[in-house]
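Two complexes are shown next, each including subunit A; its partner changes from subunit B in the first to subunit C in the second.
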Partner chain A sequence: MKSAKFDHQRAASLDDALKALGNADGEARIMGGGQSLGPMMNLRLAQPDLLIDISRVGGLDGIEVSGDVIRVGARVTHARVEDGEVPGVTGAYMQTVASGISYRSVRNRGTIGGSVAHADPSADWPSALLALGGDVVIAGQDGERRMPLDDFQVGPFATGLGFEEILTGFELPALSDSAKCGYYKVNRKPGEFADAIGAVVIGVSPRVVCGATEAAPFRVSVAEEKLAAGATEISVADARDMIAVHEPGFDDYDLQIHAVALSRAVGRAFA
Partner chain B sequence: MADGGTTEGKGIGARVLRKEDWRHLAGKAKFTGDFQRPGQKEMAFVRSEVAHARIVSVTKPAGFESSVFTAKDMPDMQPMRAPSKMPGYKGADYPALAIGKVRFVGEPVAVCIADTRAEAEDLAQATLVEFGELPAVVDMLAAKAGDAPLIHEDWGDNLVMETFADDDFGKIADRATVVVKREYRMARHAMNPMEGRAVFAEWDDRTDQLMMWTSTQVPHLIRTGLAQFLGLEQRQVRVIAPDVGGGFGCKALLQPEEVIAGWLTRHLEVPVRWIEDRREHLVTGANCREHHYFVTIHATPEGRILGLDCDVTIDAGAYSVYPFTNGLEGAMAHGNLPGPYDIEVYRCRTQTMTTNKPPLMPYRGVARPGVCYAMEMTIDALARDIGVEAHDIRTMSMVKQEQLPFMSIAKKHFDSGDYAKSVEMVVDMIGLDKIRSEQISANGEGRLVGVGMGSFVEQTAHGTSVFASWGVAMVPGYEQATVRLTPDGGLELRIGVQSHGQGMETSMAQMAYEVLGIDPSQVTVTHGDTGLTPYSTGTYASRSMVMAGGATARACRVLAERMEIIAAHLLQCERAEVTVRGGKIVSGKGEVSFAEIGRVWYLNPDELPDDVDQGGIEVTMGYRPEPDSGAFTYASHACKVAVDIDTGEVEVLDYAIVEDCGTMVNPMIVEGQTYGGATQGIGTALLEESTYDSFGNPGASTFADYMMPGATDAPHYRIDHMESPSPFTEYGIKGMGEGGTIPTPAAIGNAINDALKTIGAEVTETPFTPRRVRAAIAAANKNRQGDAA
Partner chain C sequence: MTELTLKINGEDVTADVETRLSLADFIRDHRRLTGTHLGCEHGVCGACTVLMNGEPVRSCITFAVVADGTEITTIEGFEDDDPMTLLRQAFHENHALQCGYCTPGMLVAARDIVTRLPDADEDRVRLELAGNLCRCTGYVGIVNAILSVIEKRRL
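Our next item is the complex of A and B:
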């Protein structure tokens, strides 16, 4: 279980990393904390020709509030989120999510940007951030652009990120004190990847996400409408119907645990 | 006569902290992977990617032909062969590298060597194997079909072995009016020691020896096997097991990789090393526990079990392993199914089937977790059927204390204990009455609580008579230990068994203390080296403390006598006036230190008496219990679980253990071993499963897909002990290293089914995953709707 040969380049700056990405022959991959890409390379499931290591690039690890937006840098680790560095109601929600990711030594190195860019459907951040809403900040050869989280992940391990682009951070809504959040993960053991995720954020309008599927996490529109109309709970049976509309391919068990996750996430939001 | 010295309490029964732990805690232990030599080569394997195929061709990477080896390049390497005299047994030679055909995914086809492991893996990746695929036999029941593909064509079928015992159920028909039938499955899984397998080999021209450091439980057997299959004399092989990070059985067998490493270093004249990675372990080490049962219990209306009728199928995988074969599992299942119960009629057929999966190996508990699960789950089903508490069935049906020693219906010679008392104690510990009242009040709140238990009796340290009856390649005999007093009065103790987590460097030193009164800190226990220790079949069958401990006691007693002769002379008194006590030789006239004895024997022999034993102060003694049919440990485990009926998730809320392993040498180690075993049992019960698709492709090749029990899955075990010494062994010790694993799947399964009884659902297949629990609930709901309609 050793990686195939690859070139390694430690970028000193974002420009440096973008340049390396632009000049690369063959497959180039960005590595932040390396907690997902590292094992995949060791299993030879990923065999990039060039690894561009951004672990020392400055300016990607900030957490700032400006008005009703919280900017979170791509290199912010799960551990920093777990430790409460993201402020407010948004931060409290993210803290809950971060503390359930794998175990502490992984959280010490793994990054929020890496997780979203990697886009493993079973990972926490793709679902949890989709429920928050906001934008992904992307740097490319021609400068910076923003893409709504709603559009970012298009499938398992597939995103709207271009080959020569780097995810640099997120602009997330700073939720008001009256906002309600709930997150529920069904998994086999504490710290394991999710078998089902329910994520609920009721800010300006309710956002309900069903995650850990074979595809990208998705918003459950009927559930959102029901919450917008004042519901404070969604039964498992109702959740099954709501999810089945979006994901007809689930077998009975998968449908059940995704429905439970959604129902319990709503329950936690109103707890 | 030595009477040791227990004034400081470091002998039998003392909770002495483990001598070996400091180096592990400090990261200073030395494992096989820590060995490095200049010029060494790393090995990586090209492994079969298909379950069943002819090898059409192997194309080595251009320019690296001399770094890649197939079986054709190693004509003098013999396939591993494990004979058995069991009637009808069909053994399959296990080629270290596949010859002509592959029979499971992960089977080694070629070995590549390079300066680094990564480069060796590059070569493996670039080596192209063309397979002519054959239909695979993946399921053990499907393997029985008349038209099933043949894994070993010359057999004519896929049956490795069958055992059969019939009986007349007419004898009990008028009394046994209640009949309960069930079907169970236990999933295949992997043993997953913390340290995987590992081997480092080099040829030593000075001694003309193959030197092999390997992560094994049985260094002497590895030597015997290596010599046999590499065409060497046994004196030309020295095997050393340095620190070994767990074994659980998969390291009690000769591994293909060991044979290959031996061949490579001998022929290439470079040191070679192979460190198993976790993916290799999960794919090629998916080798244990896979059983299928049809069980029928015949009982009186009150629940007294009178008859047992079983059909057992065992999935043995593709080959037979050296030296234990893949036939022991069936023999053990047959002999242990009736457990501690006194039944009148026993019919049992076991069929061991070959399949396109890795070769079955004996995992901690060997067959007994499966049979205990099948038996104990059926007992609880009986209890639910007739509306009594399952523990009443157990206590009513178990062999009684006053019947011991007792020959069980399956010809196990139980020695000592009070099985029913362990049941009563554990029922009390888990608080059955309180849980029953909670169950009523908690009804309908989404999580159902259940309580369940499992009991077993376990043959340990079984010896010559038992293994000879199985007719396998090695039969254990008199276990030996060597003790040697050093010139400064310290003690060297050499044992042929191997300690890989059991704390034997401590417990064996405690045994020396028990006889000689020498502080354990002054005893160096050497094990795991064929060059330094007496021949031993090694560590398995929960035998080491009984066997090597017994031998140690005997060697220490002879050493004491020899020291007393010298001391009597030095004190100018009669032999009868001196005795070894508290690490000295004492008499009314004074005392002599062990250091003084050492000085006189080694450095000032002019002071020795004429009648000194010329064997000196180094003694090797052998020991075998009489009879050697085994010392029978037993235990009852009980647990309380909560089942989330919406998700099917199971949480173990409480876990109580009452165990009796006879005289405990170190109760702290007993408890640690028991907790570790029970945690592995939780893995079997709830988490661990090596899945396969219909083509025989493994579905769990990393820890992302294979769930191991960890700290978050282990409850706070509560334990109580009984101590019924075995009348047959030194100090009444019984083996206990494996027992913790045995009743856990039964206890947890019974607790789940107790929780689900109001729904009418039962789980019958391990691991009891959320998906399986939900399926059981769904099936019960469907049944109820069917009934209503």
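Our next item is the complex of A and C:
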């Protein structure tokens, strides 16, 4: 199983990478950790003409707190999050998520920015970060812009990122000590992609996400209202009704596993 | 073709490679270090696990060009490595291999477990091994071998 031929360019800086994207003929792709691109290229599901490797670009791998915002660079690996480098309640929640992503030897290379840019509906960060809220930071040919996570992913493998843009990082809320978080992933074996995801973050106001569907992860508004009104649990039966509103096409099995994920995520938040 | 300079098992290596060459194929076909095995070639089975700058990575989904400037350790490169010496003995004593296909990747992953997680219990060892598939042993011998090394390293 071999990748099709491509040109490889190691970007020395963000500007360098943006220039390469802007000047490219044919399909150019940014490579972060290569842990999704690698398999996809080996299977020839992706055949880019040019790979722009940002794995040495400085300034994209920072983790810093300023006030009530935590900035996490796009190149921060899952392993660094697993090891607790993101501080506070936000960090503890992200640590739980990271440790369930694939296996350590993939987590050592795979990046949070790559995962969100890739926007696989079954991946963890797209759902987990949507529950956290905050902004995606994007660098383009004419400077930097921010986009709320709420608007970023528009479908399976589809985001608001332009062809000549690079995801540089995230601005996430630094949750207070009283915030509650729960994450639950249904899969058959640890480290596999999810069959269903429930993600719950109760900070300033509750955010509840249903993920690993055929579409982009979505917020479950009725569940959020219930938690805002003081509920501390959501039954599987109630979760089924709440999710069915958003996903009328779900069959019984899909509805059940997503309801179980949501109900257990709420359970973990209040455990 | 792209020029590549890296260290493999302590030796400086320079080569001109195709960009699409995987690190695994570079190690096996160009360097003739065939201890690194290939199973699935898409990141799932763990047979191809090697150390890059001291951390386990999948060499099948890492392009060789990405390894430029790094230090790679393959299963052939642990001659004087204490944790690996203990693990080899423990794998032998616990019948932790049968056909041996998974063993190079299994040992590299096991070395990561015993050095990074010195307090791991059986559940944790099993969880960490989710990324290394063995079709022969049923894992019991492997888990026991790793636990026995964790125990030894505590003394």
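What we mean here is this: the second predicted complex is superposed on the first by the 271 of 271 C-alpha atoms of A that agree within 3 Å, B and C clash if a C-alpha of one lies under 4 Å from a C-alpha of the other, contacts with A are read in each partner's own complex, and residues count from 1 in each chain.
Keep in mind that, in the parts below, a residue touches a chain if its C-beta (ideal position, glycine included) is under 8 Å from a C-beta of that chain, and two chains touch if they have at least 3 such contacts.
Source: prediction; values computed, not measured.
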Discussion item. For A:Gln95 in the superposed arrangement: first (subunit B), second (subunit C), both or neither?
Written reply: neither
Practice prompt. Check the residue A:Gly34 against both partner chains and state whether it touches subunit B (first), subunit C (second), both, or neither.
Written response: second
Worksheet item: Does subunit B (first) or subunit C (second) touch A:Ser55, or do both, or does neither?
Response: second
Worksheet item: Which of the two partners, first being subunit B and second being subunit C, lies in contact with A:Leu43: first, second, both, or neither?
Response: both
Discussion item. Once chain A of both complexes is superposed, is A:Ala4 in touch with subunit B (first), subunit C (second), both, or neither?
Written reply: both
Worksheet item: In the superposed model, does subunit B or subunit C contact more residues of subunit A?
Response: C
Discussion item. One more residue to check, A:Arg188. First (subunit B), second (subunit C), both or neither?
Written reply: first
Practice prompt. Check the residue A:Val106 against both partner chains and state whether it touches subunit B (first), subunit C (second), both, or neither.
Written response: second
Worksheet, complete the sentence: Dual-contact residues of subunit A, meaning touching subunit B and subunit C, are 1-5, 39, 43, 189-191
Worksheet item: In their complex, what parts of subunit A are in touch with subunit B?
Response: 1-5, 39, 43-44, 186, 188-193, 195, 236, 252-253, 256-257, 260
Response to the item:
Contacts from subunit C onto subunit A in the complex sit at residues 2, 18-20, 22, 41-43, 46, 49, 52, 55-58, 60-63, 65-66, 68, 109, 112, 116, 127-128, 130-132
Response to the item:
The residues of subunit B that touch subunit A in their complex are 116-118, 121-122, 125, 277-280, 646-649, 687, 702, 704, 707, 710, 712-713, 769-771, 774-775, 778
Worksheet, complete the sentence: Listed in rising order, the residues of subunit A that touch subunit C in the complex are 1-8, 10, 31, 34-35, 38-39, 41-43, 51, 53, 55, 79, 102-106, 108-109, 189-191
